[in-house]
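Each of the next two complexes has subunit A plus one more chain, namely subunit B in the first and subunit C in the second.
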Partner chain A sequence: MMTLAIAIPLIAAFLAAIRKSWGYILYAIAAILNFILSLSLIGAVPSIHALGGWKPPFGINLVLDNASFYAILFINAIFLIVAVFPDIIGKYATVMLVLMAAVNGFVLTGDLFNSFVFMEIISAAAVIIASKRENYYSAFKYLIFAGIAGSLYLIAVIFVYTQTGSLNMAQAAYFSFSQKSLVAITTLFLIGLGVEAKLFPLNGWVMGVYGGNDLAPVILSTAVTFSAMYMMGRLMITIFGGGVLQVLYVLALITMLAGELAALYQKNLLKTLAYSSIGQAGLVLAVLSKGKEPFTSLAYFQLMNEVTAKLVLFLVAGYLVYKYTNLNGIFKSHKVLGTAFSIASFSLVGFPLFAGFQSKLRIIMEAFKGGDYLLPALLLLATLIELTYLIRWNVRLWFEDQVEEGEKGSWRHGFVAIALAIFLVVIFFFPNIYLAPASKMADAITSVSGYINIVTSGLGGM
Partner chain B sequence: MVYWISIILMGIGIYGLLTQKNLFKQLISLAIIDTAVNVFIIAAGYVEGGKAPIYTKALPSFLKGAFVDPLPQALVLTAIVIGVGVLALGAALLVRVKEKHKNLDVENMKGVGE
Partner chain C sequence: MAITLISILALSVAVYFISKLSWKVGAVINALAGAYLMIYLFTLKVGSSEVLGTLFGEKLLLTYTNASFYFSFVSMLVILAVMVFAIKWLDSQKYPSAFNMFLLMMTAASLGVFFAGDLLTLYIFWEIAVLSSMLIVPMGKKEARRAAIIYAVMSATGTYMYLYASFMIYSRYGNFNLAEVAKDLANDPSMPFKVTVYLLLAAAGIAKSGIFPLHTWLRIAHGNAPDAFSAVLSGQLVKLGSYVLMLVTAFFPTLKMFQGLELYSKIPSPNYFLLALGATSIIVGTLMAIKQDDMKMLIAFSSVANGGYILVGIATMDAIGFEGGILHVFNHALAAAIIFMAFASVVYRTHTTKISEMGGLIHKMPITFISYLFAIISLAGIPPMSGFISKWMIYQALVRKGMFVTAFIAFFGSIGSFLYVFRPLAGVFLGQLPKKYKDVKEVPAIMWIPMVTLVAISFIMGVWPFPILKPIEAMRADFAISPSVKIADASNWLVRGVTGSWNPVIVFNLFIIGFAIAYLLYTLFPKPKKVDLLAPHKEEGAPINIYTGGEYIYTPDLYQYNTKMYAGFERMYEKHPSWEKVLDMLCKFFHDLGQLVHGWFFRPSPSAYAFWTVMTLLIVFWVRW
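Up next, the complex of A and B:
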């Protein structure tokens, strides 16, 4: 069953490549089917699928446990939401379908080399998406970053193979590496995944790509980031527990501060949000790098809140930036979009009554309990910076004198943005909507023996 | 011994990426790094004095453990295909960059001010 999550979008992509005019319809159908499919997979958790009948230690296997189930559910929901906007997808339906297949495969796979292949497909598709609206130079920079990351990821995979004699993730989790090889392998994986996860020295591509068009930030900052964060947890905690988590912690804190500071000095709305998403990625990685519960579940809770808020912000910003040249006071003509934007930005900052408050407060409290005062201090500082620039943008977009005549807005944007914004308020009152899946994901990610057991349940010959 | 070739190639690639101002040369540097990784993988599967991993009538002699590991070779095939795809994508992008910015030299490109 779970193979279909990769197969449906891939078949649709081939059909869309043949008949260009069917592209959007095929994308919408594939997105709906994939979402229904991932909902229906709940009965199959936990299980594995051995591709071609080659049982675990030999062939490629797809692993569906609580972590990968909720990850693909969330990711496919995002792809479904994006399917509402034919004008954003435009001529990029084929690439979006390939991206959908690759992200699903990346999350589901239980084989290291297979995950490398899917990661390369993700970055190739993402580069093409980034080149929308003639944003070629930024897309090329992204290609170089992703190319080097892919090479280092591949070397890490080969290191694991020479050590364990297998590419199976469960076997690597079972194998006890020497400390030296563990450091080498996790460092290489950290660099490989760090590009997609927007880790500090590797995120030079983000502002060019997110700031360059309306499609790239909507899908790359949400679905692709989510899959990268999932894989970061899977590799760094489940499979190579320990390793360089402390290095990740320090780099993530730098990422958080650097991202927020850079956002403070940006004049361009999309680029501000791009830097802000770097800062948020830093926060999630810092919490994730603690490597144990309850931090892991809080990291995914924060990630879900952030992704939902960013989806609203980028939808509204991408829509307005390419409609008007001067954005001053533009929300006077787009009240619905403006309300959604404000709610999402308040949630990002973490005001009470909005989803971000629940996750940020919990992170600070748990960090204090664990005797870590650095993370709460830096988190509060970052929040303060975030508050400054988001309030500044809100004031500018709501209250400054309107320069340009407002046109009639798109009802699709208004409807989706306000629905997601209301959802963010609902999350504040019922945090378990996100927290329960997040803690199930975290349980599956932190439980090494559980993961090995799921895969070995399908153990066998050829 | 073969590892050294891989390490030197990777050094050349990284040097090229860091020093070259022409975007096409950067792309070629990326291709050199790809090649270095492929050489590394092949070297990882090499067994001293090993034969090609193909089952023939001379099977008994292979059973003495003297053929190279076939799996890395299969992996390299995939990696090469991916590398070609990325290279083609990069070249296609560079054609568009050249059309839009009139130049492939980072310092002389027009309209990349911000």
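Up next, the complex of A and C:
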């Protein structure tokens, strides 16, 4: 069954390439089917699917455990939400379909080389998406970064192959590496994934790509980031436990501060939000790099909150930035969008009554329990900076004297944005909506033997 | 308690939509909700406790104490007055619906702060109060947009320090509960931990109540917020800060906690540090207030100074000083609220806050004038208004403790306050009426009634302060600060100090006699004659024969004598170092740091990216190998 999650969008992409005019319809159908499919997979957890009947560790296998299940559920939900906006997708339906297939494959795969292939497809699709609205130079810079990252990732895969004689992840997890080879492998993976996960200083592309058009941030900062963070956890914790987690911790803290500081300096709304997502990625990575529960579940909880909030922010910002040239006081004409934007930014800061509060405070609390006094201090400093620029933008968009005449807004944007914003409030009151899946994901990610067991015992599948 | 707070929070959202249909109805609902809350405070039993919910496996507690009652009561007095005031005043505002919503939301959240039984509940309500008030601020003047950001950032600076300390406490004691934490802190052997926690928790109060060095937001936020809301900001919201300062200095047994750290006259050095900050605030607030030409900014700085008095009073850790500081919360809340409402009334009619553009409004707005007059008498600490008693009590404590430097600063601030409160009085209400305000009228009754009510309360409490001293005495008993004399002695009509006692009734009677004599003289002597600005120049076209400095005067409005009123005094500290500039530099530092990061890592060409990738790779290998 789980192969369908990759196959459906891929077939749709071929069809869309043949008949351009069907593009959006095919995308919408594929997104709906994929979402239903990932929902229905809940009965199949945990299981694996060995492609071509080649049993692991010989062939390529797809692994559906709690972690990958909730990841593809979340990701496909985002693809579904984006399907509401034909004007954002525009002519990019084919590429979006390819991206959907690749992201699903990237999350589900249990094979290292296979994951490299999917990552390359993600990069290729993302670069094309980034070039929307003639944002070519930024897309080119992204291409260079993705290229370097891909080659390092590939070298890491080769290293693993020379050591274990297999490309299977479970095999690699089972294999006991020497400390030196483990460091070499994880470092290469860290750099390879670091580009997509927006790790400092590999995140130079983010500002140009997210800030260049309305499609790239909506899908890249949400679904693709989520898959990268999933893979970061899977590789750094499940497969190659230990390794360079402390290095990741340090780099992630730098990422957090660097992203927020750059956002404070930035004057352009989309670029500010792009930097802000770097900062948030830094926080998630820092928490993830603790490598154990309950930090892992909190990292994914924070990630889910952040992605939901960022989806709202980028939807609203992308819509307004390309509609008006001067945004001062524009929310006076777009009250619904404005409310959603404000709620999402308050959630991002972590004010009580909004989702971000739940995750940020839990992170601080657990860090203190673990005896880490640095992370909370830096987290609060970063939050202070974040609050500064987000309040600045909110005040400017709501209260400055309006320069441009407001036009009638799009109901799709209004509806989706406000629904997600209300959802963020709901999560404050019922954090388990996100926290329960996040902790299930985290359990699956931190349990190495569980993962190996699934792959070795769950042979067969569809 | 929990249900009431949550339903008021929910009601505030409903008020927005009601206000969309008719903001008047929304404002009336607000006032009714405020009145309900006021009555509700008296129905609650002191000592009752309730669970609000659970968060992170910890119970969120609401506990109603004497301190909760006192602070909530003062808050509701101010808020209720402003809510009634707003029923008419809102028609001069651009965002009445949002104003109603956020005002009610802030009210519920502030009460939540006072009811909070643990550090986390306090934080949650605190943030809601900050957020909702922060969203009202930018509805004011143009500069108010920047003010809102500065307010949010300064407030968050304090709040996050508080949050950090709360979690430090939690990780050490496994508890957020205030009462438990107080016990644990008393028995904790680690002095560095206690001092750190104490100062970090106090930071929230320092930022909120406008104590130096986090005071600069008051000028810009109080000065530019919507006029009536400044009354809430200055009268009520800064008292949240005083509440937290009271919690950490008096509720936490600091004398026991910091045993061995006594610095001067039995005050431990961490408390002394706060006391010094309070004293600095008195100086800074007073000197800066004297300079202001904008009447709202002037009173904003006076709030800094008065926040300093409150802190000094509480931090003396002396029974009479503590009571004086807490009583000053009430006095300053009322005085500031009346003053800002009086200003709001003036602005409602004249549309300006510049003192030098006004004058002579006493004939046009007599009730507003009287309210302002009584309020500043109280603010400056002149009998028979209640403001005198609290300042007198603070002086008593300082004198008794032999803290002559602080006492001198307190006296200096008091005399300085005569100077600055007189400035709007002279500039706005006295003097010559500019021609453009010829047709100005008194504000409608719905606006002056709340002002006059607060004046009456403040006046009565000046003559008979024992009802308001009762909850304060109860608070003091709760915190186990024992006095050497019985301070409030209602049966003998006395407020006792160490150097003597104060009999407010006799003083009031003396004042009445003095007033009667003055009135008698006023009626006996010939009536003053009202003359035009250009007295001999009665008719248009007649020759002008008023001149000064060798010039004939054509535009008397330009000769407002309030411009640079205290120039001589101001010149003495003209080139004072500016703390705002220091904070601006700090902002600029972060901004430049952002530019550096942006320029070095995010903006460069692809080749630089490749360079950084390889560098990272090499550094990681080097570190880990």
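The criterion applied here is as follows: the second predicted complex is superposed on the first by the 457 of 462 C-alpha atoms of A that agree within 3 Å, B and C clash if a C-alpha of one lies under 4 Å from a C-alpha of the other, contacts with A are read in each partner's own complex, and residues count from 1 in each chain.
Quick note on the criterion: contacts are C-beta pairs under 8 Å (C-beta built on N, C-alpha and C of every residue); 3 or more make two chains touch, one makes a residue touch a chain.
Note that this is a predicted model, so its numbers are computed, not measured.
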For this session: Once the structures are superposed on A, label A:I364 by its partner contacts, choosing first (subunit B), second (subunit C), both or neither.
Result: second
Exercise. Where does A:W398 make contact in the superposed view: on subunit B (first), on subunit C (second), on both, or on neither?
Worked result: second
For this session: Return first, second, both or neither, reflecting whether A:I148 touches subunit B, subunit C, both chains, or no partner chain.
Result: both
For this session: Tell me which partner A:A263 touches in the superposition: subunit B (first), subunit C (second), both or neither.
Result: second
For this session: Could you say whether A:I36 touches subunit B, subunit C, both of them, or neither, answering first, second, both or neither?
Result: neither
For this session: Report for A:F351: first if it touches subunit B alone, second if subunit C alone, otherwise both or neither.
Result: second
For this session: Classify the contacts of A:A139 with the two partner chains as first (subunit B alone), second (subunit C alone), both, or neither.
Result: first
Exercise. Of the two partner chains, subunit B (first) and subunit C (second), which one does A:L387 touch, if any: first, second, both, or neither?
Worked result: second
Exercise. Of subunit B and subunit C, which one touches more residues of subunit A?
Worked result: C
For this session: Please identify the positions on subunit A that touch both subunit B and subunit C, taking each partner from its own complex.
Result: 140, 144, 148
Exercise. Once bound in the complex, which stretches of subunit A touch subunit C?
Worked result: 140-141, 144-145, 148-149, 152, 180, 183-184, 187-188, 190-191, 194-195, 200-207, 244, 247, 251, 258, 261-266, 275, 346, 351-353, 357, 361-362, 364-365, 368-369, 371, 373, 376-377, 380-381, 383-385, 387-388, 391-392, 395-396, 398-401
Exercise. Contact residues on subunit A for subunit B in the complex?
Worked result: 113, 117, 120, 124, 127-128, 131, 134, 136-137, 139-140, 143-144, 147-148, 150-151, 154-155, 158, 161-162, 167, 268
Problem set entry | Of all residues in subunit C, those that touch subunit A in their complex | 56, 123-124, 127-128, 131, 134, 138-139, 142, 144-145, 148-149, 152-153, 156-157, 160, 163-164, 167-168, 170-171, 590-591, 593-595, 597-598, 601-606, 608-610, 612-613, 615-617, 620-621, 623-625
Problem set entry | Partner subunit A, residues of subunit B touching it in the complex | 17, 23, 26-27, 30, 33-34, 36-37, 40-41, 44, 71-72, 75, 78-79, 82, 85-86, 89-90, 93-94, 96-97, 100-101, 109, 112, 114
